[in-house]
Each structure stands twice: as C-alpha cells, then as structure tokens.
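Heads up, the next two complexes both have chain A, just with different partners, chain B and then chain C.
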Partner chain A sequence: MDFTTFLWTTFAAFVTLATFSFLYKDNPFYKFAEHLVVGVAAGYFVIILWHNGLVPNLFRRLADGDWYLLWLNSTMWWYLIPAILGALMWTRFSKRWSWVSRWPMGLYIGISTGVAIPLEMSNRVSKQLYATMIVNPQNPGIDWANFWGHGGFDLLDVASGFSQVLIFIGAVAALIYFFFSKAHTGIFGKAATFGIWILMIGFGASFGFTVMARISLFINRLQFIDQEWIQHAMNPENMVNGSHWPYQLVFWAMILVVVGYMVFELVQHFSSKGKAAPAE
Partner chain B sequence: MKRQVPLVLVLLFGLFMIFQYFVPHESSEWVYEFLLDWIYIIGIFALALGIWSLYVVSVDKVKTRKHDWGYSYVTLAGLFGMILFGFTARHGDEWGWYLIFVACVLLTVIMSVQAMAARINKGLPLGLAGLFLLGAVLIAVFDDTWSFYFYTQEGLQSTMFRAFFDYIMMPILATIFSLLAFFIASAAYRAFRARNLLASLLLIAALIVMMRFFPYFGENVGEFIARVSSWLMNVPNLAAQRAIIIGVGLGIVATALKVILGIERGYMGKG
Partner chain C sequence: MINFFDRLMRLDRRWIFLFLIVVCIIAYVSDFDVPIMPEREVETIYEFVDSLPPGEIVMIAIDYDPNNLAELHPMTYAIVEQCWRKNLKVLITSLSQNGPGMADEALRSITDSLAETKTYNGQVYEGREVVNGVDYCFLGYKPYFALVILGMGQNFRLPFPEDYYGTPLDSIPMMQGVLNYDDVACVIDLSGGNITDYWISYGQNRFNFPLALGLTGVMTAQYYPYLGSGQVFGIMGGLLGAAQYEKLVDNAGLARDGMRVQLPAHIVIILFILVGNIGFFVDRRNRHRAEGR
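Let's look at the complex of A and B:
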C-alpha cells in the first residue's frame, strides 16, 4: 500500500473509531464524524444527480439549441418546461412568491400518485395475493402428494403442502388481525389471534435477521481496522524512500490521539465524580 | 389561483397516469416515459432546496452561536469540498495548485459565513473572503494542471472525489449502521423478556434465526437450527410479510386516491 493510500486509510480508521466512540457517549470526535458525513453525503448526491440526472436528461437534450435564444430553438425544446417548473420550486425561498412552488409540486404529486396506484395494486396487492394462493405456477394448488414433506414426514420442508397451507392461512389470519371494522370475537377473533402469532414469529425472525446483518457490518468494520489499517502499518514491506518509519509514525500518532482522549475522559470522569460527592 | 391550480394539476395528471396504465399503445408508453422524465428533472431541482436548507441551518447555528456551532464549519467544508471535487479533475498526475485552489474556495466559504455571523468588525472576514476568492479565481485561470468539468463525468472519477467517498463517507455510514447492532441488542434486552406467549414467540424466533450461523453447535445441531431458521424465514415470516405488504399496498393506494381527489392536501403546506 502506498503512503498516500495509507494516510487516507488512517483517516478512514479514525472516523470509524470516532463513530464507534458514540457507544461510550456523545463526544467531540463523534460530532466531528457526524457533521462531516452530513456535508459530504449532501455534496455527493448533488454531484451524482447533476452528472447522472440533469446532464443526460436535460442538458444533452437541449444541447443542439443556442443559449442566447434560451434553447428555444432546440429540437427537444419541451424539456425546458420541467426545467422552468423545477426552477419555480425555488420560489419557496421567497415568502411572497412561495405559493408558486405549489404548481410544480402539484404536477410532481399528481404524476407520482397516478403512477403509484396501478403499480402498487399490481405489485403489492395482486401479485402478493396470487403468490399466496398459487405458490408454484407450474403446479398450482396444494401439493397433496407431498403434504407432509418431500420424501417422508418433514414439517421443516418449506415446499411441502403443509407449508403452502400454513403460508395461506397465516397471511389471511394476519390480514384479519389488521381488519378493525369488525370486532375480534368468535371465530373471527380466533383467526385474529392466530394472525398475531404469525406476525410475532415473523417480527422475531426479521429482527434476528436484521441483528445478524448489523453484526456482519460490525465485523466488517473490525476487519477493516485490522486488515486494512493495522496490518499495513506493521508490514515492513511498506516503505517511503526505503524507510518504514512514516507508516509507524502515522499509526502511533493515531493511537496516541485515541489513548490520549481515553485518558482525558477517565480523568474528567473521576474528577467530576469527586466534585459530585455530597458534602456533609 | 394559489390553491386551486395545484389541486387541478394533481387531479388531471393523477387521473391521466392511472388511465394510461391500462392503454397498451406506444403513444401512451411514450407519454408515460416523458412525464417520468419531467418529474425526475423537477425532483433534481427540488434537491437545491434541501442543500440550501442545510446551508441556512449551518450558517444560522454559527450566527446564533448555538450549541456545537463550530461543527457547522465541518459540515459546510464537507459539502462544498465534495461539490468542488465532483466538478473538477486533474489532467494527469501533477497536482499543481489544485489543493491550494480547493483550500482557497473552502476558506472563502468559511470567511463569508464568519462575516455573516460577526456582529461587529465584518470587514476583516469579508476582506479575507475576497482575498481567498481572488486567489481561487487566479489559480483557476492560470493553473492548467486541472479543469472544471460540468458537462462530462471526469469529476466522478477524480482522485479526491473517490477518496472522500471511499475513505470518509462509506466508513462513517457503514459504522453508523453497524452501531445499530448494539442499540438493537440493548432494546431487545428490554423488549424481549418472555412475559407472555406472544413475547416468547418473538424471542424464540429471533434467537433461532440469530443462532443460525453460530459455529460451535456441531454438525447435527447446526444443520437442524439452519433448517428451522430457514423454515421460519420462508413460511411464518413470509405469511406475515405478505400480510404487511398487502396492507401497505392498500394503504398507499388509499392515500394516493385521497391526494388525487383533493382530500389530503398536506403537500401544499401553509398559506
């Protein structure tokens, strides 16, 4: 690893440790990392949307027009309309003219909601209902031949008829639980109770899955600090002008900052404890 | 005019977009694509509102010396630094005066904010801001080791833009997400006590899924837990997720209809 990359990696390790320091308490290093990422992420999306959004969708389409004619002579001049409407959004900056920004907002909301209705009905409602009722399109209906499992009794077989029935009944029961226009009593109430069981198992499984994903990320950050930073700092093959000490210097300077802050916090902690003791 | 026009626009475009979904003709598809391009462009222009808001909030914090106001400079430096790197790129390996140019621009921003925040003696920060701006302009005119690229994507490949993304943005975001492991675990400790049947179901399902990759169970127990975990994810969890997705879909459709029919008008704001 060359020295410039190592310096950047050291900074990445610094912001990683600074972010982890929030586990102890809110502190200046965490605040630095937090404020930095807000600015950098905002700038990043400005650039991405400019280069991947505005340039290909607007500027290139108007490119054959002349700026001194306000691109009105472009062959795709009608793309000036969304640009003007977009610019009208900026009237929000003015108290007097902010109502004008409702026009592009109305257009935006109208198109978005109009697109959403058939797509949501298709993707989230119809296709989910279809998949709940017809699990296997090649062999629609319940797999009675393998109801208790493929090749013998096996309740853990996810493709068995039993699992298919359970998915269907579970989904219907969970929907019944969400239906509040009828009192949850009698058979309806029992179905709702079964629905909440299914929901709780689902929430538990999703929770466990999410925790494992976060822990994987945590392990990844520790691997980064170990493999990308510490090991490169300690590797004697990394050199600047035939010398390894610049790597060591940067590494130990970082360690000094971290340990120095920990000592500072400990001193603060114990001194404030002494002050907080009740004087009798 | 102030409220009726947007309501009419929402109604007309909303109904049109619903209607065109059921018209399998290429002209209908062309209009669909065309209007999607429109809202994409309008949405990008709206991003400027967000960036302006971030700038105003940061400057306001400095002006009123709110708690932790000094960190607003870090936010502004990150924002303007990233924008600058995205629009500039070096021609070769030579750095020239590039980094001094970046420093001059950032110092111009910081001094301008300082001038806005200062109650007296605004002259010094304003003068310094002018000086740094002059320096930045001179470097931009005379230094030919780098250029501005507004129309092509050189900026996206520039060393500094990629370094800011790889070594600042990604590590912090990934670490913030990984921090959630600890907060979820502490929340789970409080929420998951097996006080009744429902809490016990939640706890057992979560534990089984979490133990799926535990390496010290041995082959037989490990395989059994992996199968139970897979069944939990693919049968009861699937049923629950289906019900939730269907509920969410119906909710979105109902809300969208309320917006199109003018019952829900929150998007128009006050005034």
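Let's look at the complex of A and C:
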C-alpha cells in the first residue's frame, strides 16, 4: 500500500473509531464523523444526480438546440416539458407561488399510482393468494391439500403438512388479533392471543436477523481495522523512500490520539464523580 | 441472588457494549472455524448459476451503499467470481446512488483475483484476464429506480444509452443482440433497501424473469413470502447467507471469516436476553410483593 493510500486508510480508521466512541457518550470526535458523513453523502448525491440524471437525460438531449432560442429548435424539444415541470417544484420555497408545485406533483403521483396499483395488486395480493392455494400455476384450481398439508409432518420442513397447517392457522389468528369490531373474549380472544404469539415469533425472527446484521457491521469494521490498517502499518515492505518509519509514525500517532482521549475521558469521569459526591 | 438481579437491572448499558466488543475481538483474533451449512434457498441460487452454459448473461444489481457493504459485498465477490470462472458474462447495474463506487471497487478486486489460477470445489480454473465489454458490462446508476427497472424491460438502452464508463451500449461486444430481460438468464438483486420491492413488483412481476435476492439481515425475514410464492427462486440473508454462498462456491472470504465472530457474539446476546428477562421478572415479582399484591 502506498503512503498516500495509507494516510487515507488511517483517516478511515479514525472516523470508524470516532463513530464507535458514541457507544460511550456523545463527543466532538463523533460529532465530526457524523457531520462528515452527512456532508459527504449530500455532496456526493448532488454530483451523482447531476452527472447521471440531468446531464445525460436533459442537457445532452437538448444539446443540438441553441440557448438563445431556449432550446426550442432542438430535435428533442419536448424534453423541455419535464424540465419546466421539474423547475416548478422549486416554487415551494415561495408562499405566494407554492401552489404551482402541485401541478408537477400531481402528475408525478398520478403516473406513479397508475403504474403501481396494478403491479402491486398482482405482486402482493394475487400472487401471494395463488401461492397459498394453487400448487401448479399451469393447471390452476384450488388445491385444498395446501391447507391441511401434502403428507409428512416434519417440524422443520416448510413444505410439510405440519408447516402448512401452522401457517394457515397462524395467518388467520394474526388477522383475528387485528379485528377490533368484536371484543377479544372467549374463543375469539384465545385465537387473538394465539395471533399475538405468531406475530411475536415473526418479530423474533426479524430481531435475530437484525442482531446478526448489526454484529456484521462491527465485524466488517474489525476486519477493516486489522487487515487494511494495522497489517499495512506493521508490514515492513511498505516504505517511503526506503524507510518504513512514516507508516509506524502515523499508526502510533493515531493510537496516541485514541488512548489520550480515553485517558482524558476517564479523568473527566472520575473527577466529576469526586465533585458530585459533596453535593449529595 | 435477588441483589444480583437488582444490580443487573441497573447496570450501565455501556458495560454490555464493552463486554460484547471484547468478546468479538477475542473471537476475531482466535483461530477457530465454525461449520457453515448452506440452506436450500441459497443452494438454489448456486445451482442455477452453476448450471448455466458458458456465454450466458447473469444480471447482477448492486443496489447497496457502503453502510451495507459488510453483508452484501461478500455476496458480490462470491457470485461474480463464480460467474467469471464459469465463463458467464455479467451485466451489472447499480440503482442505489452510492452503488457505483461499490460495484467499481468489487469489479477491480475480482478482476485481480481472476488473474490467478485457483481451485474451487476440486476444479482448477486457469487465471485469465477479464475484459470490460466482453466479460462484463457495467451500466452504472440512474435515479428513480422504479422507472429504470421498467425501462430496462423494454430496452437496456432506454435508461442506459451508455455504460458507466461512457461507452455506447451498441458498441459493446457483450451487448450485441442483448435487448432486455429476455436476454439474461436471471437477475440477482443484492440490495440494502426498498429497491428490492421494485425489482419484485416492477421487474419480476411485470417481465417474469428469474429473480434471486441477496439481502441484509434486517430485511431478510420480510422477503420469505416471495420465496414461498415462487416470485424469487433464492434468498441469501445477511452475512450468514453470504458465508453459505462462499462455502458453496468454495471461495472463503470475509463472510466466512466473520461467522467466527457471529457465533460467540450471538451466544453472549442470547445470554444477556435470558438474564435480562429473568431480572425483569424477578424485579416485577419483588415490586408486587412490596406492594402487597
């Protein structure tokens, strides 16, 4: 790794540690990292939108027109219409003219709704219902065995009869829980309680995956700090003008900053405890 | 004992963070391995890609930002390398605004790996040069992913007249005769956000191509209904899914390495949950007793 890249890697390691420092408490290093991420992300997004959206989709298409004729002589002059509609969105900043922004917004929502509703109905409703009832899409017709199972009651097999029955009963019970037009008493109440248990099992599965995801993020940072930063800092093959010490210097300077801050916080912590005691 | 649970309920959460960090670091520096058992929904993706004849196109959507890199990057590495080792062509798109950087970085690393002769699952693959435009085409990013997904169903050239590097699609050898989703064997969406919903709704649902998903752990549970209904043919969930795929392709990477840490971390968290719940119930019982109930 060349020295410039190593400096950037060291900075990345610093930002990583600064972010994790929030686990202890809010502090200036964390604030710096947080603002840096938000600022860089916003700036990057604007540039990405400019180069991947406006430039190829608008400016290049109107490029054969002349600006002093407002590009009306372009062969693709109709691209001016979405450009004007897009510009009208900016009227939201004016109290007097903000109503104009409803035109492009209405058009946008109208098109989105028109495209989305049939596709979403098919995707989230019809196909899910078919999957519950029909085995072979080529030969439609309700397969009642889907409800009581295709034989075999293997607890861990999703396709087994046991699971099919459980899924069916669980889905009905969970729906009963959300049915508030009848008091949750008697058998109805018991079904609602069973529905809560089913929901909790679902939430538990999601929670388990979420824990794995969060730990994964930490593991990735560990791998980065070890494999990309520490190992390169310690690798004697990395040199600047035949010397390895600049890598070591940067690495230990960083460690000094981290340890120095930890010591500072500990001193602050214990001194504040000492001050707080007499007041009690 | 009661005093122990009482103190536990008042424990500063930062001690838990510290304990978990120490456990993770010890597990990371320790030299041990955990068995990885691939699940059926991961195997189907591997088998599908593995069964494709050379020259077929696999479309991979790298729809994640750096904050999802930990879980999804290993999937990208494993799948793209498998495709190239099998002489499949890869069509890459990136509908997340920070995705092009992810894709570009992954492509460079995997290209370097392909230059070396390696053995996977007992089969020797000679090192070779990966050529942009022949082995892969990187379409890049365009905003408004729903419209882009719909547009690609008609013609890839509608949303992407040029590839990420500015080369017109018509002059790219790999894209000759490749019009839309009908010309790709499958789409594998590696996503850390709601773009996956659009790939299912506006992509698979509208154009009926085989779709597989690589998801972050947080998202995984909510997409299993689509697996049951056959709308997607496989799911890789989080770091575990990535590790399972790495095992299937016999290409151990960061995911399998990370699973060594996941195991003790999960054990610690489960223990904390158990102890916390016991402490909660003991505390509640004590309060009820004190109130004379």
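Basically, the second predicted complex is superposed on the first by the 246 of 280 C-alpha atoms of A that agree within 3 Å, B and C clash if a C-alpha of one lies under 4 Å from a C-alpha of the other, contacts with A are read in each partner's own complex, and residues count from 1 in each chain.
The definition used in the following text is that a residue touches a chain if its C-beta (ideal position, glycine included) is under 8 Å from a C-beta of that chain, and two chains touch if they have at least 3 such contacts.
Every value quoted in this text rests on a predicted model; they were computed, and no experiment measured them.
Trainee: So, A:Y44: does it touch chain B (first), chain C (second), both, or neither?
Mentor: After superposing on A, A:Y44 lies in contact with both chain B and chain C.
Trainee: Quick check for you: in the superposed arrangement, does A:Y24 touch first (chain B), second (chain C), both or neither?
Mentor: second
Trainee: On the A-aligned overlay, A:Y130 touches which partner chain: chain B = first, chain C = second, or both, or neither?
Mentor: second
Trainee: Please determine whether it is chain B or chain C that touches the greater number of chain A residues.
Mentor: B
Trainee: Give one of first, second, both or neither to describe whether A:S206 is in contact with chain B, with chain C, with both, or with none.
Mentor: In the superposed model, A:S206 contacts both chain B and chain C.
Trainee: May I ask you to decide whether A:I215 touches chain B, chain C, both, or neither, giving the answer as first, second, both or neither?
Mentor: both
Trainee: Of the partners chain B and chain C, which touch A:I117 in the superposed model: first, second, both, neither?
Mentor: Once the two structures are laid over each other on A, A:I117 reaches chain B alone.
Trainee: Touch check for A:I187: first (chain B), second (chain C), both, or neither?
Mentor: neither
Trainee: Please indicate which partner A:Q223 is in contact with in the superposed arrangement: first for chain B, second for chain C, both, or neither.
Mentor: second
Trainee: So which bits of chain A does chain B touch that chain C touches too?
Mentor: 23, 41, 44-45, 48-49, 53, 57, 112, 115-116, 119-120, 123-124, 128, 131, 158, 202, 205-206, 209-212, 215, 217-218, 220-221
Trainee: Please output the residues of chain A touching chain B within their complex, sorted ascending.
Mentor: 8-9, 11-13, 15-16, 19-20, 22-23, 31-51, 53-55, 57-59, 79, 81-83, 85-87, 89-90, 92-93, 98-99, 102-121, 123-125, 128-129, 131-132, 155-156, 158, 163, 166-175, 177-178, 195-212, 214-215, 217-218, 220-221, 224
Trainee: Taking the touch rule as given, give the residues of chain C at its contact with chain A in the complex, in rising order.
Mentor: It comes out as residues 14, 17, 21, 24-25, 28, 67, 69-71, 97-98, 100, 140-143, 146, 150, 161-162, 200-202, 205-206, 216-222, 225, 228-231, 237-240, 254, 257-258, 261-262, 265-266, 269.
Trainee: Which residues of chain A touch chain C in their complex?
Mentor: 23-24, 41, 44-45, 48-49, 52-53, 56-57, 112, 115-116, 119-120, 122-124, 127-128, 130-131, 137, 158, 202, 205-206, 209-213, 215-223, 226
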